[in-house]
Structures are given as structure tokens and as C-alpha cells.
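In what comes next, subunit A is part of two complexes: it sits with subunit B in the first one and with subunit C in the second one.
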Partner chain A sequence: MIRDFGLLEVLTILQGMWTTLALSAVAFVGGGIFGTLVALSRTSAWTWLRITSAAYIDFFQGTPLLMQLFLVYFGLPVFGFHVSAWTAVAIGLTFHASAFLGEIWRGGIQAVPRGQSEAASALGLGYIDRMRDVVLPQAIKLSFAPTVGFLVQLVKGTSLAAIIGFVELSRSAQIVASTTYKPLIAYGLAGACYFAICFPLSRVSAYYERRFAPKT
Partner chain B sequence: MATMAQSAAGSLDPIIRIDGLQKYYGAFHALKNINLDVHKGERIVVCGPSGSGKSTMIRCINRIEQFEAGSILVDGISLGESMKNVNAVRAEVGMVFQQFNLFPHLTVLQNCMLAPMRVRGTSKKDAEVVAMKYLERVRIPDQAAKYPAQLSGGQQQRVAIARALCMTPKIMLFDEPTSALDPEMVKEVLDTMIGLAQEGMTMLCVTHEMGFARQVADRVIFMDAGEIIEMAKPEEFFSQPKNERTRNFLGQILNH
Partner chain C sequence: MTYKFDFGVLLPYWPQLLHACLLTLWLAATAVICGFIIGIVTVVARRSGLKFLRAIALTYIEVIRNTPFLVQVFFIFFGLPTIGISFTPWTAAFLALSLNCGAFSAEIIRGGVDAIPRGQFEAGAALGLTPLQVFRYIILTPALRIIYPALSGQFVLALLTTSIVSSISAEELTSTVQLLDSDLFRSFEIYIVATLLYFALSTIFSLIFKGIDRAFFSYPIK
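== the complex of A and B ==
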């Protein structure tokens, strides 16, 4: 039976948008925390840590997110870890986002002049203080635009979670389209929802980029 | 002045003792068997041609630069392998860089408060009092709320000196503190340094400001190709340099 495009359909898509937001939030937070660790490993004084983290980045940048989600979802049970779809997708997105963010922030850290961490060292600041108070605040400003650019990609990338059963924004639009036979409206609405999430991110990025411009 | 400093320190161990220091950058031998004792309250000026290893030497003193052989003792603490020792030494040794290296994302006041709060555990309130005291000392308390980029080069370098002094260091290292400054700003920074010297601060200054060397140095060191070639009191150093290379160098920098 073909349904009309009514309130229920709109709610289904909004529900999907909510799931997309939740997936994005998980990816941002997990990717942010682990991405910081990846960036610090990439710039560490220890060669083995630099090489290991470089391999990690290469692996996750060199394979599709789709495959990474599959690997986690179907791979973990093979090793005896029976995890929920949410846990699997959280792990998969965290791996993915941390590799990309780690690489972006590595660039930021290395773009901070060496004299900055030398001056901090000369004042007696240890590694953690040096990074937290001197290097990272400057590195984040330097890599702000590419960071937001990646986050926008990530929001859109969460649509791949549909393949392991999530009814997020894209999938909900697909369902509505097939029950109503009004794909244009369904996908148009979903597109508007993506835009509503991503456009403010880009604007915020542009605003902070202006604010972070060197103070004179 | 020299005799005063030395007699005051007479029986005491040197506050810096560099012994057989060797430093390589890859295959390049940057420091060749450096030996140097600095006593408390002594002012030492280091000069020499570009690439002679002056920066490298003073940067080894607070382990901003690693070294391959030899030993450095600062106030009785060995700059060995232990990171705890290194941080202990760094807390007592202030450093001022040619490029200022102020933290651009922090205000002048925050630049000065950071290390006392993080390293010494000073409270925010006390750190601010100390910071203002030293900003007054370098005569720029009115710039405390500004960001480094809003100051002139001379003002930035004075903030850098204040920032180092906030840790109440026993020793101050200067690496060409006036070389990046416009000529009209050199004096304000040198005056600040002269003030410090008069208060009895132990100072190691890499500089080509020979007027400063004449006025405050107890000893002048000339380095070339990674070695200390000559070391003498300023009167002797400038009037009767013993080494050929010292004479050439002085000829170049004094006659232009």
C-alpha cells in the first residue's frame, strides 16, 4: 500500500536526523579524544610510537569507512567480543575519526614554531603543561579550518552506519521514499536536514578563523 | 667587580661547571671539549663568529640541546639522564631568546604567570602579584593586558626577561637578546640587562654588544669552530687579545 507523505513520514525523517546527530556526536568525541593521542604519538620523541601511529593513520586513511565499520561489526565477534551495534559503530567511527583528526592535528602541532616549546621547556614546564598550555592551543587554531572540514565530512559519512542496521537520516529517507513513492520529497527533506547540521558548522569555522587571525 | 664576585664566591663551588662537553649534530662536531666554570654572581659574555657554537653551548646548560659527552653541573645538580634533574635545573635557569618566543595566544600577564603556577604551584593571585612586580621591574606594567603581537620588539624582549625572572632564577642565559631588534630598541633591553647585572644576577650572555661586555662582563669568552679559543677579563680581552682568531674577529666587529 502506498502511504501519503504525512506527519508520520516527517517524524521518521526527524528521528533519522536525531540518530545522525547522535552518531556524529559519538564520532566527534571519540575521534577528538583519541585523535589527540594519535597526534601526540605522531609528534612524540619515541621513534616506535611515531612509526606505530603513522601505520595506524595510513591504515584508516587508506581504507573506506564502510569497510572499517564492517570489520569492527563482524570482526569483534570473531574474537569473542559480542558488542551491540551502537558499540561497534562507536568504535568504528572513533578509529576512523581519530586517524584523520590525528593527522590534521599533527600538522598543526608541527606548524607551531619550535621556539615555543623550547621557551616553555626553558621555564621548567613538563611535557603535559607544555602541550596543554602552549603548543596545543596554538596548534588547534592553526588546524581549525581543516578540522571543521573533516567534521562536516564525518556527519555525512555517518550515513554508512545504515549498513549495520542504523536507521539514520539517509536510511530513514530511503524508507519513507519507498513507502510513499515520493523520493523527491523524502530525499529533499533529508538533504535539508544534512544542510541544517553542516552549514552552521561551516559558518562557525569561518567565524573562528577570523577571530583566530593573528592579533595585531 | 670581577674581584668582588670572585672573592664572594671564592671558597664556594661554581654554580655552573661544564666539563669536557662534546656535542654532535649527526657527523658535525658542534662543541669540542668545552670546559667552563661560572661562579655565583659572575657575568660572562660569549662572542664569536656565526656558527661557532655559542647558542649550542648555552642551550646545553638547560638541556634544550642534548649532548654526547662530558658533564654539566648546575647549582650542584647533574644534568644527567634524569628528567627530574633537568626540570629542576630549568626551574632555576632563566633563558632569553633572540626571537623572544613569547606565547602569542596569552597576554603579557599570562605569559609571566604560566610557569610559576604550573612549575612552582603558585596560586593565581600570587602569580599575578609576582608577574606585576617584574613587569614593573622591566618598566612595562601598563602593557600587562596586551598580547605580545601588540608590543614593539624591545617591549616584547623586556616581557621575555620579566617572564624568566618570575621564576626567580639563580642564573640567566641570554642568546643574542638584541640581535633581532631595531637599533633604537637595543638600549632599553641592554639597560634592563645592566640593571640585572648590578643586582648580582649570574649571567651568561651571547652577544656582540661589546659596549655591554666592557661595562658589565667579568669575563669575555671567544668561541670559534666549536671551541673556546680565548677567555679573559674585558680589559685584557679588548686591549691585548692573545689569539690570532680573536684579533681578526674583534677587528671585524669593532671597525665597522
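== the complex of A and C ==
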């Protein structure tokens, strides 16, 4: 039976929006933690660490997110981890985010003038103090706008979880579209929900980009 | 770990995989060219004196940039037929990719155009060039030189985005390997191979853009 597009359908889509937000948050926090490690490896003094992290970043930037999700989804059971779609997608997106955030923050760290970390060394600060108190606070400010920009990409990227069958915003729109046979409204509404999340973030990113832009 | 890897099952299918790679490259290349043209037109519209043209261009850019590609594809392929506009999967994929690439290119090109000092436009006008000539020689070419790295990065991203059109069963690399997967049940191996193929394709794509950079944007200007 074809159902009408009623309150229940709208609620289904809104519920999906909530899942999308949760998934994005998990991936962003996880990606942030590993991304910090990637950025620090990328700027480390050890050559092999720099090369490994560069290869890691290249791999994630040179292959489609969909393939990365498939690899995690089909790969984890091969190694004996039988996890839910939710966990697989969260892990896949975390890897993806860590590579991109790592590259963004590497840029931020390297944009901090060298004299800063040299001065910190001269004051007798060790690596951890130097990073935590001198370099990273400035790097964070410099890379704030691109980080928020990537968050928009990440929110949009979570939609690919729908292809694996994980029920988030896009998948709920798909379900609603097929039960009501009103794909135009269902996908239109889903698009509007994504827009409601992403547009404010894009504005914030653009605002800080202007604010922190080098004066010309 | 008891799983035995077997990449050998994929060997007899290499002509299919090669064909799929070429389809993906073809889809990406046509969509990128089309998207680039859309991007330039959008930038012209955004700078035009007509308010409604500016509004349309801005809405287009913001809507495309702030919604996922998957939803855009679904909207075009599943949504539009209900109001009587229907496409084959391939056309829908091409259209969605071009529109997507167009919006992102427009934003990048706009950044480059904004970086051209105003005095240049005025100098062009003072030399008696038509507005179109000013746009082409004085704005677009130097702007392209500035934004070329960002733009080619965006185009490589468009190539990776093509994998998503497998969800409307447009024939390209991802949909081909999904079909193989349903025959062979060797998901992990198949997706490893597919991922490596994509990596190779994106490397080829960026090499092509490096070549274009050498040929057209290196100093001295020919």
C-alpha cells in the first residue's frame, strides 16, 4: 500500500537527521584525536614517521570515501571483528576524517613561524610543552576555518553510510521515498535538513577565513 | 586469522575492470569540463549587474555546496521523474556531477577573480577592450593561474565522487565491482582492487593536470 506523506514520514526523516548529527560528531571527535597524531607525525623530526603519515594521507585523499567505507565494512569481519553497520561506518569515517584533519592541521602547524618554536626551544621547553603551549594554540587559530569547512564535508560524507544500509538521514529519505512514492518531497526534505546543518557551518567557516586571512 | 586471500578470482575479469576504469575516467572528464564551464558562467552571473541573476547564482552555489552529492543524485534520478523529467542513469549521473562540480568550481574561480586588483579591470576598460575581452584576458587567465592548484584538486575530487553514482546503477567502476562481488563473494579482495584502481586513476588525473599546468600556466606566457 502506498502511504501518504504525513507527520510520521517527516518524523522518520528528522530522526535520520539526528543519527546523521550523532555519526558526524563521533567521526569528528575520533578523527580529531587521530588527526592530531597524524599532524604531529607529519611534522615530526623522524623521516620514516613523516613518510608513513604522508602515505596515509595520500591514500585517503586519493581514494573515494565510499571505497574506504566498503573496505572497513567488508574488511573488519575478515580480521575477525564482527561489528554493526554503525560501528563500521563510524570507524571508516574516523579514519577518513583523521587523514583530512591531519593534513589541515599540518598546514596550520607549519604556518606558525619557525622562530616561535626555536624561541621556545631556546627557553628550554621540551617537545610537549613547545607544542602544547606555543605551536598548537597558534596553529589551531590558523586552521580553524578549514577545519569547520571539512566538518561540512564530513556531514555530507556521512550520507554514504546509506549505501551500506546504515539508517541515517539519506537512508530514511530513501525509505520514505519508497513507501510514499514521493521521492521529490522526501529527497527535497532530506536535502533541506542537510542544508540546515551545513549552511551555518559554511558561513562560520567563511567568516573566520576572512577574519584570519593574512592582511594584503 | 583463517581467511585466505584470493585475488586470482578477479584475473579473468580484467577486461571488464579496465572498461569500467575508462568509463569512470570518461564520466569524470566530461563532467569536469562541463562543470568548469558552468562554474565560469556562474561567476559571470554572480558579478552581473542584474540582481536576480546574482541571487540565482548564489542560491545554486550554496544549495549544491551544502547538500550531499548522494541526495543530489537521488533528487535528479528518482525525484525529477515524478514531475515528468526523467533521465537514464548515465545522463542523471553526468548532470548531477556537472552541477556539483560547477558549484564548487564557481566558488574557487570567484576566489581567484576577487584576487585580481580592481585597477586591472579599469586599465583593461581604458585600453578599449570590451567587457568580454576584459573578462577573458585580464580577469580569467591570471585568475586561473592563481587558483589552478585548488581547481585541479577539486577536479580530482570530482573523479572520486563518481563512485557515488553507482547507487543509481550508472555503469562505472564501483557498480562494476559491486556486480562482480555478487558473483564472486570475495568482497574484501574486490574492494581492495577497486580502491587501488581508484588510487591509480586519481594519480593519472592529477598528472594530467600537472601537464596542463606546465603547458598553459608556466612563465613566460606564450
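Heads up, the rule we're going with is that the second predicted complex is superposed on the first by the 205 of 216 C-alpha atoms of A that agree within 3 Å, B and C clash if a C-alpha of one lies under 4 Å from a C-alpha of the other, contacts with A are read in each partner's own complex, and residues count from 1 in each chain.
Assume a contact is a pair of C-beta atoms (placed from the backbone, for glycine too) under 8 Å apart; a residue touches a chain by one contact, two chains touch by 3 or more.
Computed from a predicted structure; not experimentally measured.
Participant: Should subunit B and subunit C be called a clash or a fit once both complexes are overlaid on subunit A?
Facilitator: fit
Participant: Identify the partner contact of A:126: answer first if only subunit B is touched, second if only subunit C is, both if each is, neither if none is.
Facilitator: first
Participant: Give the angle at the C-alpha centre of subunit A formed by the C-alpha centres of subunit B and subunit C in the superposed arrangement, rounded to the nearest 10 degrees.
Facilitator: Superposed on A, the angle at subunit A reads 110 degrees.
Participant: Would you check which partner chain A:165 touches, where first means subunit B only, second means subunit C only, and both and neither mean what they say?
Facilitator: The answer is neither, since A:165 touches no partner chain.
Participant: Tell me which partner A:75 touches in the superposition: subunit B (first), subunit C (second), both or neither.
Facilitator: Only subunit C; A:75 stays clear of subunit B.
Participant: Which partner, subunit B or subunit C, is in contact with more residues of subunit A?
Facilitator: After superposition, C is the partner touching more of subunit A.
Participant: Of the two partner chains, subunit B (first) and subunit C (second), which one does A:118 touch, if any: first, second, both, or neither?
Facilitator: After superposing on A, A:118 lies in contact with subunit B but is clear of subunit C.
Participant: Once the shared chain is lined up, is A:138 touching subunit B (first), subunit C (second), both, or neither of them?
Facilitator: Touch status of A:138: first partner only.
Participant: Could you say whether A:202 touches subunit B, subunit C, both of them, or neither, answering first, second, both or neither?
Facilitator: The second partner, subunit C, only.
Participant: Touching A:63 in the superposition: subunit B (first), subunit C (second), both, neither?
Facilitator: After superposing on A, A:63 lies in contact with subunit C but is clear of subunit B.
Participant: Which value in Å is the smallest Cα separation between subunit B and subunit C when the structures are fitted on chain A?
Facilitator: Minimum over all C-alpha pairs: 26 Å.
Participant: Please report the subunit A residues shared by its interface with subunit B and its interface with subunit C.
Facilitator: Of subunit A, no residue contacts subunit B in one complex and subunit C in the other.
Participant: Quick one: in the complex, what on subunit C touches subunit A?
Facilitator: Listed in rising order, the residues of subunit C that touch subunit A are 1, 3, 62-63, 65-72, 74-75, 78-80, 82-83, 156, 160-164, 166-167, 174, 187-188, 191-192, 194-195, 198-199, 202-203.
Participant: Quick one: which bits of subunit A touch subunit B in the complex? Just the residue numbers, please.
Facilitator: Residue list for subunit A touching subunit B: 113, 115-116, 118-126, 129, 133-134, 137-138, 141, 214-216.
Participant: Which residues of subunit B touch subunit A in their complex?
Facilitator: 62, 64, 87, 90-91, 93-95, 97, 99, 101-105, 114-115, 118-119, 147, 149-150, 160, 163-164, 167
Participant: Please output the residues of subunit A touching subunit C within their complex, sorted ascending.
Facilitator: So the residues of subunit A in touch with subunit C come to 59, 62-68, 70-71, 74-75, 78-80, 152, 155-160, 162-163, 170, 173-174, 177, 181-184, 186-188, 190-191, 194-195, 198-199, 202.
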